[in-house]
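The structure under discussion appears below in the form of structure tokens.
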Amino acid sequence: MVKIYESSTEVIKDVVSGSTIMIGGFGICGIAENLLRALYNSGSDKLNLITLTAHIDGYGVGKLIDAKRVKSMIASYIGENKEVERQYFNGEIEIDLIPQGTFAERMRAQGVGIPAFYSPVGVGTEVAEGKEVRVINGKEYILEEALGADFAFVKAWKADTKGNLVYRKTAKNFNPVMATAGKITIAEVEEIVPAGELDPNEIDTPGIYVQRLVKGEFFEKKIERLTLKK
Amino acid sequence: MVKIYESSTEVIKDVVSGSTIMIGGFGICGIAENLLRALYNSGSDKLNLITLTAHIDGYGVGKLIDAKRVKSMIASYIGENKEVERQYFNGEIEIDLIPQGTFAERMRAQGVGIPAFYSPVGVGTEVAEGKEVRVINGKEYILEEALGADFAFVKAWKADTKGNLVYRKTAKNFNPVMATAGKITIAEVEEIVPAGELDPNEIDTPGIYVQRLVKGEFFEKKIERLTLKK
Amino acid sequence: MPLTKEQLANRVAKEVKSGTYVNLGIGMPSLVANYISPEIDVTFQTENGILGLGGYPTENEVDADLTNASKQTVTTLPGAAIVDSVEAFSMIRGGHIDLTILGGMEVDQYGNIANWKIPGKLVKGMGGAMDLVAGAKRVIVMMQHTSPDGKSKILKNCTLPLTGKSVVSEVFTDFARFVFENGEMILTELAKDITLDELKAKTEASFKISPTLQILE
Amino acid sequence: MPLTKEQLANRVAKEVKSGTYVNLGIGMPSLVANYISPEIDVTFQTENGILGLGGYPTENEVDADLTNASKQTVTTLPGAAIVDSVEAFSMIRGGHIDLTILGGMEVDQYGNIANWKIPGKLVKGMGGAMDLVAGAKRVIVMMQHTSPDGKSKILKNCTLPLTGKSVVSEVFTDFARFVFENGEMILTELAKDITLDELKAKTEASFKISPTLQILE
């Protein structure tokens, strides 16, 4: 059952050096910025991150990378962060780049108890190296394994006191699937409402997946590429 | 893109004898009763149904079974229909019973392009017979294949003119997953509203999965086991 | 004296802990809900998609679109979530359900359970039972110790098609409680005024006896 | 004359049919949206979760929680659905997207494409491109025919790490359109005033010429 914490500092206290952490968000849209700030302040290092991108220089995961506190990353796209590319070419960080849908599906498999599945994506590419290839109904597939983590840092819009989560627009992205795949899922939300206030039909992440909940202290909600109608 | 039809009769016109059809619903909660009525009236037979249950005698799928127009069923629980049990023991119908979660997951695999996955369910039981067994991280799993169909009969509460669907309460059940797994997904709904009236954040089945849409003519909404507070 | 169904449900209810997510099978297990202390904060899940199941509805509350896994009309509690079947089984198969309580036709000393089929006689289907025994963190079976004609249903080896292999955590019968640990079946509780010899006579399975054997009540 | 980026986008836009679901890659492919006739009823999908993508927002409409796959602020159209990443890729990997238009670093005569990595020089990651080429019903690549120093990017064999193997349906460049059919690469359109010899000189790949060769415009 979910436990509600008073502060982001307290809720991540046992996220020690060497932890493996899933971090929701598409770029910096829908990231748990308060948890990431607290993680930065905690001083934990040698972190193993599972995050779609490396965010941007000096913000979110980018700040941890700048401080050289990230040991490894499983990610899909790191094109917006120069420092991570530099560390990668210098051998200062391990990066496993995987297709974005495979990234989602491997975490989903973890959450649903599937240890491995055959995937049509990446056949005949670097992604297939070292993986079992199998022909099913005349088409080649590769075997992909479930992907879990010690912690999942999830950002939702609202939660109720039972830990049910609702996301807002595309800030949803990888947050719901990571909530199912973390051993300990920590949700940072903008608002916590009493049980019964959220419509049972509209819950995105049922409370069963959420072990810890905290109301974020401060939402900067940076925009990666502000683009306006011409 | 979705096409809106004028009647249940018209929307199922090409569901000919021998078709394989997925039928949403948990028992008779959330079944496409208008499509099933039209299918009954169409006279099509030798049907191959993928349905959680055989519904009840004389109603829904039960009516097709009574008329001996069902050749085979993939189902999970048929305890509420005496006639289907009789036909099964007499060899008049083929029935493949599979675990309910496997039933859901195999259709989901079809919808998402996964041809096969390893499952922890049914290891060491009849369900595992003839299937590959594989030890992954010290635990046994069996290989399960994707499950698709020519048609999916889906019942939703509301649709918009883009084919987006919203379900109501537990009438949701297998309808969303079947919508993704049918070659032609036919949705029967209680109301069709103009595009823009449904909240984009609350769509259960995005219109991309729905090929045909019809407003149901008449909703009986039978209750299988009316149970009241004592 | 062997326990009545109600006494058994009352005993099993004590295994339901606060802060857990529980799925109750149909039949006898559903009685358990009636005996859980109001201080226990438990959330019931149903495989048709409710997390936070409530009681049966009043006549005015009846909704054909809101049923449980037994197809009965139900209500939801404040803080409930209603999900589709894929999500409901993600909870079950992914190891997120703390406890399931199921009925059984047979249980054997290896922790195997059979409860879905009698070849040639009865074919109901396994429904969600195979998923539940494979996925729930703890699997309690509650059942009659013997068949109406007095045959043991706690066996050396199940004779009926299995629902799950080595999946049962413990089994409660009207006579006893057995716990499965490290491949062994251990008697931990015995109904009042039943002797060990009487129990053994009614039990085909081989079992060990816990050094701290207690009364089943 | 080779086509300008805008002319190329205008040509590729004609491949977008009414009633289809389309995913446009970042960079040049995103220009295509500007040239689609208003009579065409197309629904754009983005892999971060929008089905029914709209234009860029006015200053008042800007919402940090509503971006596209390029992380730009966007809007949605009436009838849009916003989904999580698992669902967005279910659409893509499950074969539900009719068409994807992607940029390429290299394409070869076997329909292979490379567009995500230059070993030792550039590592962006494949993002959703591998999923798109594997899952979309039709894969159009649009790209410059040659590198800035004049080298062919339409090759016998890709030299860069692949994004997908035998996945390209057709490739549009500033010089030509090639279609891949039954393992063969076929020239179907050629830019005005470009001779076949000129094209061959700029193209490392071997290709057949369609008997109904047309002008790329």
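Labels A, B, C and D are assigned to the chains in the order they are written; within every chain, residues are numbered from 1.
Here, a residue touches a chain if its C-beta (ideal position, glycine included) is under 8 Å from a C-beta of that chain, and two chains touch if they have at least 3 such contacts.
Just so you know, these numbers come straight off a predicted model, no measurement behind them.
The fewest steps needed to get from subunit B to subunit C, moving only between touching chains, is 1.
Here A-D and B-D are compared, and the pair linked by more C-beta contacts is A-D. Rounded to a whole number, the gap between the C-alpha centres of subunit A and subunit B is 33 angstrom.
Averaged C-alpha coordinates put the centre of subunit A at 28 Å from the centre of subunit D. One simple way to say how far apart two chains are is to compare their mean CA positions; for subunit A and subunit C this gives 36 Å. Looking at subunit A, residues 105, 112-114, 119-120, 167-169, 172, 200-201 sit in touch with two or more other chains. For subunit D, residues touching at least two other chains, in rising order: 82-83, 89, 93, 134-135.
Partner subunit D is touched in their complex by these residues of subunit B: 1, 110-114, 160-162, 164, 180, 194-196, 198, 200-201, 203, 206-209. Interface of subunit A with subunit D (complex): residues 26-30, 53, 75-80, 85, 88-89, 95, 97-102, 104-105, 108, 119-127, 157, 167-177, 204, 221-230. Chain contact summary for the complex, subunit D toward subunit A: residues 46-50, 55-59, 61-74, 82-86, 88-89, 92-93, 112, 117, 120, 122-131, 134-135, 161-166.
The part of subunit C that touches subunit A in the complex is made up of residues 18-21, 41, 43, 45, 51-52, 76, 78-83, 87, 89-91, 93-97, 134-135.
Taken together, the subunit A residues at the contact with subunit B in this complex read 105, 109, 112-120, 136-137, 139, 141, 145, 167-169, 172, 200-202.
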